[in-house]
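Below, chain A partners chain B and then partners chain C, in two separate complexes.
Entry: the complex of A and B
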C-alpha cells in the first residue's frame, strides 16, 4: 500500500500543495481557468503554522479510520484497491461526525454541497500509476509518496546517518561516545 | 530525460547534452515544474518585510496582504515592476549607444564614425535642429543633447523622442490620458517609488503608470537606440543571409556574438576581418563571426553575418564544441553558458562591467579603447581554436537562407520603384482590395515552455495562408528565418493568392528573380521601433489612428520583462497585443479585465492571451476583420 509521508522539517510553507490540490479538484484542471470557476474548487490539504514550523495537514487515510467508524449513514468507505478513504456524496448527510472525530481536522465542509470533503488521494491518478498532486507540487519533498516499507526504510537510513555523523564528530573531538553524548550532539546541545 | 521535442538542429544538440550528462534549460525547467501558482498569478507581494504575502486565489485563505493591499494592488504593482525592468534595459541600452556616439564626437572614441549621414540629418531635422552652416559633428552633438535631455530634463515637457517619432494623433491621445512622459529616468525612479511599500495602491492608477513606462520603453529605449545604431553603423538594406546552427564551420575560428549592442559586436566583426591572417597561422581557414540573439540580428541586418541561433539556442550552440569564443554584452545572457563552455575549449567572454558571470573571462569593453579590446577578444578566440583544432565537433547540418534587412527606409526604397511619388500607395491599395488582408508583427523570445509546440511557426503559417503579411524582430526573427519563412520560396509555399501576388510584384520591382519573402525581418528587439514607424506612416497617410489599422502585434513566446514593456507600449499605440504564456496578471480580475477589455476604450489597444497557435491566429484574424469592417474595406 502506498502512502503520502510528510517531513515537517522540509516544509517551507510555500503552499504549492494547496494550490495544486485546488486545481486538481477543479473542473478545468487548469490554474488560470480554475480561479474563475463557480463554485470555486475546494482544497483538501491545509498548510498550518505550528511553533516555528509549518505543516501540510491532510487526511492520512488511517488503517482504522475513526471517520468510517462513526459515520451513521455509511458514507465513509474505503477503496480496497489503494487503501484510501472516501466520501460517498449520495449517502453523506452533512452531520460532521467524521470531522469531529478526525484527529487531524482533515475533513471539511463543502459549503455548496453541504457534505463532507476530504482528500481523495487523487484516486484516478494514483490508480494510473501517478502520484497525488500535492506530492507532485511539493518543491522540497516535504511530501513524498511510496510504499510504507520503503518510506520507513528511507527514514531509518536517514536516522542512522544522523547518528553515525554525530558519532564520528564525537570521535574526531576525542570525546567518549556514550548514548547520552550522541543525543546531545544530535540535538545540538 | 528530456520530454520536449524541438526542431531538428536543436534536438540533435539536446540529445548530445543528454549523452554527455550536461544539464540544459529543458532539464532545469523540468526540475522547476510545477511552478508556483502565486507567482504565475502575480499575487505574491515581496515589497516589504511584513511579507511575503500571498493572496489565496481560491478564496479560502488571506484576501489581503499584511498592509491591507488587495490582490489587484499587488498584481498591478508587480506588473509595473516588470515593466520597469524591461524599460530600464532598453533605456540603458539606448543610453550606452548615445554616450558611445558622444565620445566619438568628442574625439575620445576613434573606433566609431557617422556612417549614415542621411539618417543623422533626418533625425536632426525631426528634432527641429537647424542644419545651416553647421558641420556634421555639430549637428550630431545637438542630436546627442536632445537625446540626453530625455534622460535629464525636469520641466515636464514631452520627451523629444516622442515628438520625433510618435504620430500626432497618438500624442494628443496620450496628453489627454495624462501619460505623455518627459524624462525616462524620472519615470523609472517614480515607478519604483510608486510600487514600494506604502505608496500607490490604486490599481487603475498603477496601470496608467504601466502605460507611461510603455512610452518610456518605446521612445527613450527602442526608437532612440535604433536611430543611433543606424547613424553609427548604417541603416539596414536587403541582403541574403544564412540561419541556424549549421552556419558554424569546423575549420574556422568561430566567434559567436551574443547579447544586444552593436557597439561591441560591430567592432569584433571588424577585427575578425583584420586578424584573419592570425587565424590562418593558427591553422584555421579563417574567422567565422556568427550572431546569437539580438546582437545577431543587428549584425545580420547591417553586415549579413549568419544568424546562428535564438536565445534558447545560446546554450545549445556551445554543445557543438565548435564555438571558440562566445562574446556577450548585455541582456538575455544565461549564467549556464559558462558551465557548458567548461566542457569544451570554448571561452565565454563578458565585456560589460554590470554583466559578469563566474567562469567567464572578463575583458572590459570601453568605447574609448574599443579597438584594443576587440583585438584582444579576437586573439583569445584564435588561441581557443588552437586548443580545439583537430577535435571532433557536432555541428548540426541544418541551415536555411533568407532575404532580410527590411528597415523602413529599405521598404520605402522598394515601394518607390513601384510608385516614386507616393511609395505607400501600393501597400494601401492592396490592403484596401484585400490582397493584403492585414499585417501582424511578431516580436520577442523563444519560450522554453512553448518551443516544442512550434507556436510561432504555426501562427505564421496560419496567418500567411490568410494573406496576412508578417513583420518580425528579435529572437522571433531567428525562429522565422530557421523555419524558412524569410526564403523567397516561402511566398509561394505558404501565402494566400492575394499576398502572393503582391509580394511577387514587389519582388519584380525590386529586381529580384522571384517574390519578396512573406516574413520581413525588421531587426533586433529595439527595432520594434521600425514597425511602429511603418504603422505611423501608414496611419498618417490614411489620416487615421494606428488603432484603426487592420494590424496586430504578438509576443507569441513571452520570456523577458522587455516583452512586457514593449507590449505595453503597443497597447498605448492602440494595437491588439497577443501574448503567450499569460503575463502574471490573472490573479487580479480587475487587471485582467482592464488590460484585455477596458483599455480598448482608452487607447484602442488590448491584450489577448491565447496559447493555442491556431486559435491565436484566428483571434487575430477576427480582430483584423473587425478593423477592416470599421474602415469600410
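Entry: the complex of A and C
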C-alpha cells in the first residue's frame, strides 16, 4: 500500500501543498478561478510552525483510526482498496467527535456545510496511478509518495549518503572517523 | 458457540463487528426492547427540530443484520438473567439459552422523585419513542420546561425552541454544563443560548409538578416561583439498566463491574457501554459516552471469540456539543493549579494545569477542530508549566505568546 511520507527537515513552510490542496478541492481545479469560487474550496493540509521547524499537518490515515471508532453516524469509513480514511458527506452531522480524538488535528471544519472535511488522499488520482496533489506540489520533497518499503529504502539510502559525506569530511580534516565524530558533523549532537 | 447480546446500541453493534471480523460462523442473537434497528441517540435533538429525518439516526445500512448473520429479537425486553443455568427470561415469556452473553443494555434517564412528576406531560429524552412523544405533545403545548442543563437538556431545549416553543431550562448547579465546563466558559455558552431565545435558570431546582386534573400546568421551583408549561422534559442524568439482574449473582456497583477485558465475575458473561463500570488499576468508572461504548463493545467482542484484548486505561471525561451553532468541547477536569487562556477570533482555548504543569482539563469554544491534539498532549502527560506556547497544539512561539494570559 502506498503512503504519503513527511520529512520535517525538508519543509520550508512555502505552503505550496496548501494551495495545491485547495485547488484540487475546488470546482474549477484552477488556481485563478478557485479563489473566487463560492463556497471557497477547503484545504485539508495545514502547514504549522513548530519550534524551528514547520510541518504539514494532514490526516495520516491511521490503521487504527480513532476518528472511525468514535464516529457515531458511521460517516468515517475506510476505502479498503487504498487504505485511506474518508468522510461520507451524506452521513456526517458535524458533531466533532472525530476532531475530539484525532491526535493530529487533521479534521477541518467545513464552514458552509458544518461538517467534517479531511484529506481524502486525492483518491481518484491515486487510484488512476497518480500522486496526491500536495506531494506533486511540494518543491523540496518534504512530502513524498510511494510504497512504504520503497520509502524506507530511500530513507536508508539517504542516511547512508549523509554518513558517507560526513566520513569523507572527517577524513579531509584528518580526523579519526568515530561514530561520535560522525554524529557531530551530521549535527546529531 | 451461541452468543447472545442484550441491547442494540453502539456497544452491541461494535461487538457484532468485532466478532464477525474473526468468526463468521458462530450463532449470534441480539435482543432489544426497542423495535428500531440500531441508532445513536446523539442526534435525537436534530430529529425533534426537524433538521434530519429518522433514517439519519440509524448507524448502519438496512441489511446490516442479514449481512452479519444475526438473529434479531426486537421489541422484547430481557426481564431476568439467570447465570446459574445460562438462561435469559424475556418479557414475552420465552426463555433463551446462551454459551456467551454480552450485556449492553445501556442506561436510562433518572426521573427524580417529585410531587406530581408521575403522569402525562413528563418526558425523558433517550429513545426515538421519547422523541416522537415529545413531538406529539408539541402539537398541544408550546410551553416547555427542561430539568437539567447538561448537554442532553440543552440539546432538547434548543430543538424545542427551534420548533417555536417557549423553553425554560432549570439547573440546580450554579452553572450550565456543570460536568463539562467551568463557570467562565459556562457563562459564555449560557449567554449565547439565552440570546437565541431559551431561558436558563441556574441554582434553582424543580420541587413539584403542578397539575389540574391530570394535565400538567406548570412546575414549582424551590423559591416558590411557578413556571407555567405544558410539558416537562427530564434530563437530570442517567443510570445503568440493572433491573434484569435480579438474583444478584452478577456483581454490580453503580453499573455491572467488569475488568479491563469487559468480563464480569461470571466467566461467560461480559458487559460493555453505559451499563458497565470498568475497573482498571484499582479505579472504577462508569463512562456513559459513545466512544466508551464503541471501544468496550469491540473489546468484549474480541474476548468472546477468544482474542485477548483489553482496555489500557479509562477514557477521560470528554464531550463536544454544539448549541445554536456554537461548539464547545471539554476534556478532563476543569480545575487545577494554574490556568492558561487564549482568546482570538476563532474562539477560546482554556487549559488547566496541575502543580507539575501537566494538563488536567481543556475547554475549547468556537473552533474545536484541534481538540484531539490537546487530548493527546494531556494523555502523554506533557508538562507545559514553563512552556505556555504549548497552548497552541502546534507550538509557534511568536504568535501564541502574544495571545496568552496566565489567569489566577
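The definition used in the following text is that the second predicted complex is superposed on the first by the 183 of 189 C-alpha atoms of A that agree within 3 Å, B and C clash if a C-alpha of one lies under 4 Å from a C-alpha of the other, contacts with A are read in each partner's own complex, and residues count from 1 in each chain.
Keep in mind that, in the parts below, a contact is a pair of C-beta atoms (placed from the backbone, for glycine too) under 8 Å apart; a residue touches a chain by one contact, two chains touch by 3 or more.
What you see is a predicted model; the values in this text were computed from it and never measured.
Comparing chain B with chain C, the partner in contact with more residues of chain A is C. In the superposed model, A:36 makes contact with chain B only, not with chain C. Of the two partner chains, chain C is the only one that A:109 touches; chain B does not reach it.
In the superposition on chain A, contact is made by A:23 with chain B only, not with chain C. Judged by the touch definition given at the top, the superposed model places A:69 against chain C, while chain B stays out of reach.
In the superposition on chain A, A:100 contacts chain C only, with no contact to chain B. Once chain A of one complex is fitted onto chain A of the other, the partner contacts of A:55 are limited to chain C, with no touch recorded for chain B.
Within the superposed three-chain model, A:84 lies out of touch with both chain B and chain C [touch as defined at top].
The residues of chain A shared by its contacts with chain B and with chain C come to none at all.
Of all residues in chain A, those touching chain C in their complex are 48-51, 55, 57, 66, 69-70, 72-74, 91, 93-105, 107-109, 114.
Per the touch definition, chain C reaches chain A in the complex via residues 10, 40, 42-43, 46, 52, 56, 59-60, 290-291, 294-295, 298, 318-320, 322, 325, 327, 329, 331, 367-373, 375-376, 393-397.
Within the complex formed with chain A, the residues of chain B that make contact are 34, 36-38, 40-41, 54, 56-61, 582, 586-587, 589. On the side of chain A, the complex with chain B involves touching residues 14-16, 18-20, 22-23, 31-32, 34-36, 40-43, 136-137, 139.
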